[in-house]
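Report on one structure; see the data block that follows.
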Amino acid sequence: MLLEIKNLCLSFGGLKATNDVSIAMEEGKVYALIGPNGAGKTTFFNLISGVYKPDSGTITFDGQRLDGKRPYQVNEAGIARTYQVINLFKKMTVLDNVKVGMHTKLKSGFIQSMFHTKSQQAEEAAIIDKAMDLLAFVGLKNHMNDLAGDLSYGQQRLLEIVRAMASEPKLILLDEPAAGMNSTEKVELNVLIRKILARGITVLLVEHDMKLVMNIADHIFVLNHGQKLAEGSPLEIQNNPKVIEAYLGGGAKK
Amino acid sequence: MKRKMLLVSLAILLIASVSLFANGSSESSDTYVIGVPQPLTGTNAQPGACALNAVKVAAKQFNDAGGILGKTVEIISYDDQGSPEESVRVAQRLVSDGVDAIIGSCISSAVLSAGQIYENNQIPTFGTGTSPTWMAQGWEYLFRACQNNDFALPLVVDKLTELGVERVAIFAGQDDAAVAGVNTFTELANQAGITVTTTEYYVEGNTDFSGQVARIINSNAQVVFISTFGPTQPLIARQLRQFGFNGLCFTKDIYQVDALQVAGAASNGIAFAYPYLTYASIDDCKDPFIKQFLEAYYEMFGELPVSDCAYRAYDSMLVLKAAVEAAGTTEKTAVAEAVNTLSGVQTLAGMQDFTYGDREGLHSFNIFVIDNEQYITFDEWVGSPLYNEIVSQY
Amino acid sequence: MKSLAKKQNNKLITSIAVAAILLLLPIILSVTGNSYSILVLGFIIIYIIAVSGLDVNFGYCGQISMGHAAYYCIGAYGSVMLHHYFGIPVIITMILASILAAVLGAIVAFPASKLVFHFLSLSTIAFAEIVYTLVLNSPGKITGNAVGMFTDPINIFGYTLRSNTAFYYFGLVVCAVFLLVKWFLVKSKIGRAWIAIRENEDAAEGMGVNVVKYKVMAFAFSAFYTGFAGAMYAHLVNYIGPDTFTMKQSVMFITMMLFGGTGSILGPIIGSMFILLMTESLRVLEQYQMLVFGVILLAVVLAFPGGILGVVKDVIKKIKLKKGGVKNVVRN
Amino acid sequence: MLFQVIVSGFVIGCVYGLIALGYSLIYKASGLMNFAQGDVLTLGCFLGYTFYTLLGLPYWLSLIITAAIAFFFGMGEERFIIRKLQNKNVLTVYVVLATISIQYILQNSIQAIWGPNMLSYPRVFPWNNVTIFGVNIQTESVFCIIMSFILMMLLQVFMNHTKFGTAMRASALDAKAAKACGINPSFATGVTWGIAAALAATAGILLGPIYGVFIMLGQTIGRKGFAAAIMGGYGNVIGAIVGGVLLGLIETMSAAYWSSTYKDMIAYGLLLIFLYVKPTGIFNEKALNR
């Protein structure tokens, strides 16, 4: 198992935002997390990536306990993420955005950087090639010296993904990557996620676009009211009455 | 368009400053240039501005009478803001301007930081502060034509002993002059067997001293020694009286006439040892020589000097002129040497005598006291109702 | 490729020219007998170092500090006291005092790293007030309290920098080293992490940047620079007193930094130079000096919000555009 | 003695509170910190002196005229400097720099106009002292405390129970939404700045008879007022006064019963601890990044 989450709980005040959720993920697959609005998907993401500390339960990634760790430690452990609202470093160049993504992979410390040592220079030179390679991967190579804030919306979304990939994670968390994209861009995104997978990176995405999810995911988790409602292959989920009911709204039955 | 204009004017300003850089010493044989570094803005603007004005009064008088040794007196003044950092640049600039003598500053930390520069360039300098510290550095070119608090405080302590005072509290600021006053006073009081019950400090800029006053009164002191300067004097006087302290207070140097106006009746019973007084109107002044100065000052500026720094600077000018004339030359080293031979120079503070070898001109002072919101000498005060009321406590 | 070589050539020529001017300046000035201008140059260098440090903290890492006078003070007093009480040679005390400033900076920055703008600025003001009070009322009067302390000139392996000219050359070298180190750092992984924190703290943390660590690092680094500048000041003049290290000084640092432009190498240089030359040339106005200074400052802020550096960059851009030498059309 | 110390603490605390109120209002309206606040206090003190002493107007009239002038000064400051900069979308800190330069200008033009001398303010009330619980208190001090509380109440009512006050709060929260409701947000912001300046000037004219009139009067008070505003919860009306009074009491009490030498250090030290432990202030306002 790459990621194993057991009995995860978190409450804000009296509200149980995440209630006893357990999931397990294997390497090399695309996972999706779905659920109606307010089901606690983003909270769940924030729990995995260390933004929130769980009240109880465990998160084990690659044999390492991650619950209670800070976001940067989660990133160091090999989980990278993107954000629902674009969170780029707007006044940095596209290239530098990617370089920040590589932060944890750079070995030079304060002293080496301060004195601009040979090893530090070599390392810096090396990451430029890697960053260009990544940018070429999403077709942003021509924009590498532009400011991130000057890119179009779709390009900014792509840059977010590339920035996350730069840390060479084993697992990448994509928070609504298709939000605000048109249908052409969505098709491209579909291809891109496949390509990410092909690089050996496991993908977990939160997405509202069911078409995209059913198309791309190998395995789906469904959250509702902070609890895991169901999981299974896209086909199983599509035919799960509980899921259908949750999406149609609990009021229908009464 | 506006931006462009501003940019151009900024550029002009820079060029102007560069041209300033190019100007070297403008030594000319028919002028005698006096540099006046004083705090002209901020907390100590009042004494600084008064000192500068007084120098201008003196310069006008000298020039009207044919100048110093026939040379026209010229004044260059800069704002040292009372800051040790600014004063270094001001001093170096005055040196580059080629001044023949310096009158200032009245802030002792400014004198401390600039003193070495004047010393290295052998410029006769008259400090206008009353702190003992800067004279203790042994600078050969630095003189003083006003009070050294260390010389006046023994008088205060003697008076306290005479009155039979046993317990004194101290209220003090945290500038160099104030702290020096505290140290000297404490030492003298200990020698005289007077107990210092408490020493309370305040931070520059504060206006509420109720905490300090409460401690002073709780310490059961009979007399309060106030070691402050400027706008704090009336504040502490008022707050002491407000809290019910009715005893005698001594200030380290003059309790100025503006403080008297602000504090009003709370000033009664405040005493100090000093060579002269400041006045709210010319008519109050009985000393003919000071009266003459006040009239000249009033004529030039339409107001009277509120701060006694005006007197200090004016006296420094008188001594400087006497020294140049005694030396018979404006050559700096000769002037400095001549200062040490001066005696019997008539100044606002009385006769100044530099032959003691300590580069100080004043060695005797009077004790003044305030009663009925008027200054009188301590001797005149003896026997008055307030005197009897206060002294009977001791 | 040819144009690139030419460009580099031009850069080389420019830097040689600048270096030559900077080296010859005191000689030119001393011909006119003007030791004052050399002193002012010395002060400019001190301020460039101090403000560059502050700029790392604010311009790069986004942490405001309104109490940098505290580190200036620690550098100055630290160096003087170490020399005075332990007889350590001055150049070493300067480094030790700056390290002390950096350590104290880190101690302040650690709990403060969670505070935002106004709250951070208040905590830095509070720290500066505490340092000031301590220097003014040190136990046992070890700082000389209100009387201040006299200082010795800098001594490098037996050679004493007595004149302002000697100090200027020393300062020039130190300043070059400090600016170079700053340049290396901000172009490295460290600098990128700082900018990332400034731009978006959450995202930076998500990218694996230990935000607290890097914030503390920026604060300490910045305190080191300002501390060293303080030590240089202490040994340039021969007396230091507590009155130099008040809020006024902190505000002056900020004014210089913002006037020049933040987040750059050149900004602090321009800012320190402009402000210092301006105040010095306004000195002739006596008591109206600071009033006029305020008016000019306000006019500049209104006309060029973003600092002088922004204007210089705009002008350069325009010239380049006119020449048609720029391939990329600048986005509006 | 204790009672007298407490009253003094209240007086200076109320002044801190009035300044803090100004800081809080400006923060709410424009998200800024105004360096010139303390110097507006000095300006108010000098203006009040001019009207009351030099022109011989009644005290209450001088107070109103001074507050009115300061109000327009504050509005002008916002209209012609602050908003111009904010419209250009500059970094907040550059707007703060503008207020720093206003501070230089104010402080030095006050000196240029009124001169560097300390001026005395005649007594306002015919009786010198009021006796409460057997303790003598200067009448003007009592007046200062009462006025501060009246002003705070008025402001609280104005902000929460009048249409215009609601408009001001709305435009501070969301300028676009306020506009949609027919409120002119820039006018409301201007009025906020005006009120802040008027409060500071009122504090100045209240202080004149107690402390005298001098150029540096507002410097330290301005800085302490900022500290008080943050202590109370930056942006909170009641918090500002509570923070101010608390700071005033801490100061006087620590001077009276601990150490006057380290009085400011104790006050700032407590402030630091307070900031680190409870950065939201006494009346919770958001201060942390997360």
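Each chain gets a letter, A, B, C and D, in the order it is written, and its residues are counted from 1.
Keep in mind that, in the parts below, contacts are C-beta pairs under 8 Å (C-beta built on N, C-alpha and C of every residue); 3 or more make two chains touch, one makes a residue touch a chain.
Remember, predicted model here, so these are calculated numbers, not experimental data.
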| item | value |
| --- | --- |
| Greatest separation from chain A - chain, by CA centre | B |
| Selected pair, greater C-beta contact count between C-D and A-C | C-D |
| Central chain (distance from its CA mean to the mean of all protein CA atoms) | C |
| Separation of chain A from chain C, taking each centre as the mean of its C-alpha atoms, in whole Å | 41 |
| Rounded Å distance, chain A centre to chain B centre (Cα mean) | 72 |
| Distance from the mean Cα position of chain D to that of chain C, given in whole angstrom | 33 |
| Separation of mean Cα positions, chain C and chain B [Å, integer] | 36 |
| Chain A residues counted as touching two or more neighbouring chains | none |
| Shared interface positions of chain C, touching two or more other chains | 133, 137, 202, 287, 290 |
| Residues of chain B touching at least two other chains | 40-41, 45, 49, 201, 203 |
| All chain pairs that touch each other | A-C, B-C, B-D, C-D |
| Chain B-touching residues of chain C, taken from the complex the two chains share | 29, 32-37, 39-40, 43, 133, 136-137, 145-148, 150, 164, 233, 237-241, 243-244, 248-249, 274, 277-278, 280-281, 283-284, 286-287, 289-290, 296, 299-300, 303-304, 311 |
| Chain C residues within the chain D interface of the complex | 58, 64, 111-112, 114-119, 121-123, 125-127, 129-130, 133-134, 137, 201-202, 247, 251, 254-255, 258-259, 262, 287-288, 290-291, 293-295, 297-298, 301-302, 305-307 |
| Contact set on chain D toward chain C in their complex | 27, 33, 35, 81, 84-85, 88, 90-94, 97-98, 100-105, 107-109, 111-112, 116, 223, 226-227, 230, 234, 261-262, 264-265, 268-269, 271-272, 275-276, 279, 287-290 |
| Touch list for chain D against partner chain B, complex | 1-2, 4-5, 7-9, 11-12, 107-108, 111, 115-121, 129, 136-138, 207, 211-212, 214-217, 219-221, 248, 251-257, 260-261, 263-264 |
| Touching residues on chain B, where the partner in the complex is chain C | 2-3, 6-7, 10, 13-14, 16-18, 20-25, 40-41, 45, 49, 52, 77-79, 81-85, 88-90, 92-93, 95-96, 109, 112-113, 115-116, 133, 137, 174-176, 178-180, 201, 203 |
